């Protein structure tokens, strides 16, 4: 049997067949992130990406008060920013290395081959956005309080929010508004601009819906859902021409899967297909 | 006089001056597509693109039950997928050629120089999305049932939906939801995320509105509408800088048209300008 | 003391600390633009961009009747279009130079390092869209009448609307509808598709809200807001990968600002930080 | 048996197994191109691309005097340029359609799945460059006279030379020199800047070498040579990152070919592998 | 008559019809650049770009000792680098503004619509490369001493060398070698890698050849040479597909020039065509 | 003191201050690569990238017979290719994961912040090219035998050669020739097309020259050489416009280094500057 997923700040469980549930578990600190947490997060999603027993992932935060309050600023301020170099260029390079490493950890969530659903509840600040924008489907609750918090600590958000937001929502005017003011906004607003695609009464219900959605995706051919995610992400960033060319090469191999036959047959026989592991 | 537009599976009519109406005509099979149909579709739109008597095109599906149910899976499964090659690479290349050819046919709709309006009613599955995303303006009816159906047959959609959807709607979260689950969604949802820009009571009304809209566009300078379409499609996929540079070169020639003088004069005289053929 | 901002067709005032208010001032002509105006506009925003006393800019139109009715077509038709060259290629190049120069003036608004908020009221046609799409945040009023007017004078819009609109709103179908028909649309519609992010009862209220929003942004670290704007604009046009890489290099220098320490400290002490000039 | 390749202005022969030889055959006019010729060229290379009996193609010109003198200017001047439209914009669009169609025909040579070798001898002007830059490997003779001739007839070359040359040779300074002056240059110079990769004593020898090279390529796995060509062309135009990603997807299918096993085994057994048809 | 070209550090003369000669004129300082010089350079090339009496430009350095020794480091070190800000981020932004302005001045040479030929003689260090890489054709002399000098003063070259060199020469290995070592290299080497396309015995001869080449280009249709330069520069940076599309739109207008007819006719009549001004 | 660099198949030594020498050490197998080797290679270069005691790296192969004969085909064929999956799509995905991981290891050499010099001697096949194209400067010896070997085993090269070669050498025709034929070519040819920038009599001399070159680079400001490498690699793949913009942001921080002052001062004082560690 495979090694268990045991990480200090995360609970990883498997509530249904082919469904993984990753829970940020530092509720006493509003799930705020210290460096070890993003390293763990990266390790978890890299494993899930290739784990044949996983076909969909749900990401949530432990406790009632926060999905995550973002970066643990106190810890951070004791780290990189406190370093004392005499040379602004050398300091700049140390910071650049640090940002790139941090970005890569969050991008590992996006690179996970399996679709990911994130549930944002209550406090969802700063890194909450960076992280959830690297997920595929975003759900929230009536009490979610979103904020692209970084300008309030003198920073432009640098772990992914500013790079992914313009490709993810409906209104560039709105995106600039929330990024420049750091104001808190609600699920109503998030739904209206398409940041989230579902809002639920409370965390319990939202997580249930997230797991249900994951369960549905997990019943599909894993070859089909992996390809759908990959091509959508590829195309988000590129011309339609390049998207089509990439798709043709991708499907040249993937269409050969037996899952097509199995899926069609199951459709005719009105029974559930049983796809082999990926 | 020009040759008539006669194609086995399509009705092509000209209900108003400079307006063409293309109707998918295989209602007994829910307008499902066999290979000959996309070859015909391509031929029709390539002709319309250069036809001086056409300035706007409306695309609809015959019958009440469906715009199109998508690919005729039964026919398809007897074709490419059934081929028996011993070598996965050679099979892959045969599939790649087939996908590229199929994509090119649908892209011919996007390349049509004249603006295209599509009306999606009732069943609008799979290829219905690929096809309508290659049109310029999408309208639907209160009974339209949309679905990005492909994952249900073990596939990532490969004829254009995954490449065009992220550039066409408001919410990447929503786009991934409907592509990964293949769930059926309604016109309400389609309107909310901007997939369609108008919803009408029934097919009759929607087609009337489509034709009316086409009629309005057909009254404009064909030089102006062609350029507007071309530059919007070009810019969708590129940086603003590149969009501006392309626009400047495009309009360097196009602004010289007499239509500008005619349009201005007509505006002052409050009469309809009469633009020459393109 | 610095030289005053005095321009024939614009009022530039400083209603609050670090806030500039630029008003298009040709109300007797519905603020329609003649060439001198876009040259002035460019000069103003290039100055504001580097002015250490400015951290946010509000752009409005004087009078009740119009933000701007767009290009002063009468003046324009006496200019470039009336020129009589015997050679279409030489005419084309003269037009190209003219368009590029005009585009560059409007792009200078986008390039302004400081966030810009535009308030569109009543008549907002043609150039109103080009110009406001180069601003960061768009607000409007219940009586705003928007129109991408260009096709009605035989033209594809060439000063930026067609290049920026597909990256700014939720629905490509809607964008093509309004660009191809030149129809007038309301603030309701503009809000629904995300073209504007706030609609107010009348011009007075909208301008007040714009100034209030500018005031809030002006209280943030100017290093943080400049970076946020720069990275959002950069990322709008590029892959997520390239956006992240650029962000890391940008913040390598910018994170070293004392504003981070000041902002954090002020947060703890619940007092207003006092950032030095940029 | 397959239909023969019969085209008015081209000889197509099969001098060795899996090798096609395409000869431009209008020697009495120095192989100058009329419209029918590029339509034929396109048709030939689209067939060769999918012809399982072809693995490499050699392109040459009949007669001793010229590979091709380029466009048949006399015929061309009776065509598109002579048309008399009153409207520069409509004329512009007619020209644009014509150029795009012409470009597409030449690009069909580049899109041919099978590697192509071109032999340029004696007069090789204008279209000779457009055409040979769409081939994979360029050979020439000691008497080849190259010229990017277009500026001498008042034109910027528009069928591909200016788009492909900067990606194909060593020196942008040299490329601009020959394109701006239209001067005739020799094989020595062409070899030095990498425009050609082999120069031979005379046409007979060069064609023999071209056929020999084609013969060698034709002995390789057609899966391997097709992929090599495809990925090199893709990567020429894109970032290394995108090239690598495309390569990984491409080879995911192609590495599964039995040709790998056959090639390895043949290597060990020092005999010629016998790859099945593509 | 037009205003004369009078600039403190530059001589601008017109040695032949349609040919401009720009000479860097600070020989007592080895033509090293102070800020005013690049501002002047930009002003000169922006004027030449639109000057109907100019069709080709030659750029040289006054005196025997140097084309240019590069940036006047002494002057520079008294400028931007000496500024004393307490905040590394604010300093960074001041530097960024300065670099962008400087880059834009050099890029104005590249943007000049008319082809430019540069003659590098003797000392050609640092900015000599940035500047000459923004020109179209590079010539040198047997005594030219090239060096990408910047690493020797602790810098990565930032005014264009590192961005343009990889697209301009034959060998990325060589480009990295000379940029990383700052070693001096000769014209032999520059010719071998394609950095220059001609080497002459001494400055007098090289300038004569530069003027002769400019004279030849100036005899061509200015519509044709402008388009050739524009499309080569556009294509250098983009995919072949995008290059072809841009070319088709460009030539849609430009092919309509009477120069085509004039050039063809002159060719038949073996006399010099007389193209009208651009 | 730092942990030593100890890896089974590599010798890592420090022959001069700030210079690292990495030697592939499997001479009994012609330095052919097994999987552990590219994992080790990646680990080594990721460490060197951040090692403050390293400013330049030389990569060579142990023994006289080969730099590397490429992939250890025997080991490889027992690995990934031998796996027996019934489903071509699942096999494809396993292969894709494997290729991406392998590519990433080689790309880690390119990502190393410090300049890298590779010396290719004698047998340099297949992976030898992939690997050396990820280095900055390539040197070889009179007996180097290069070959892009992959088509001979039925494959398109997939670890980087096909993506990097078109951006690294002078002649696309030559690049296609050697990739399509897998023929062995010599250092003469490699030098002519710019694949290598120096050829030496034998391995001893070449390694000495490589170390000498590394020594010279190691004496420069590490801030300057890191930036030079970074910007050249960035610009190789992008438009000049994007290259310039990135450069300005990069240098905004890096120009603030004290190395600039130190380098200038040392230049004046004609002594060696002593830069602090990076």
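Just a few scattered comments:
Read from first to last, the chains carry the letters A, B, C, D, E and F; within each, the first residue is number 1.
The criterion applied here is as follows: a contact is a pair of C-beta atoms (placed from the backbone, for glycine too) under 8 Å apart; a residue touches a chain by one contact, two chains touch by 3 or more.
No experiment lies behind these values; they were computed from the predicted model shown.
Considering every other chain in turn, the ones in contact with both subunit C and subunit E prove to be A, B, D, F. Number of steps on the shortest path from subunit D to subunit E, with steps defined by chain touch: 1.
The pairing of subunit E with subunit F is characterised as different-residue: of all residue numbers used at this interface, under half are used by both copies. Put simply, the C-alpha centre of subunit A and that of subunit C have 33 angstrom between them.
Averaging C-alpha coordinates per chain places the centre of subunit B 34 Å away from that of subunit D.
Here the CA centre of subunit C is 46 Å from the CA centre of subunit F. Shown for subunit F are the residues that touch two or more other chains, namely 88, 91-93, 167, 169-171, 193-194, 223, 226, 236, 238, 241, 249-250, 252-257, 259.
Arrangement of the chains shown, judged by which pairs touch: all-to-all, with no pair of chains left without contact.
On the side of subunit E, the complex with subunit F involves touching residues 73, 77, 81, 88, 91-93, 95-96, 99-100, 103, 107, 110, 150-158, 160, 162-167, 169-177, 179-183, 193-194, 236-238. Residues of subunit B touching subunit D in their complex: 50, 86-90, 92-93, 97, 113, 223, 226, 253-259, 276-278. Considering their complex, residues 88, 91-92, 241 of subunit E touch subunit A.
The residues of subunit F lying in touch with subunit E in their complex are 115, 136-138, 167-171, 193-198, 213, 216-217, 220-221, 223-232, 235-236, 238-241, 243-245, 247-257, 259-264, 267, 275. Subunit B contributes residues 246, 249-250, 252-253, 256 to its touches with subunit E in the complex.
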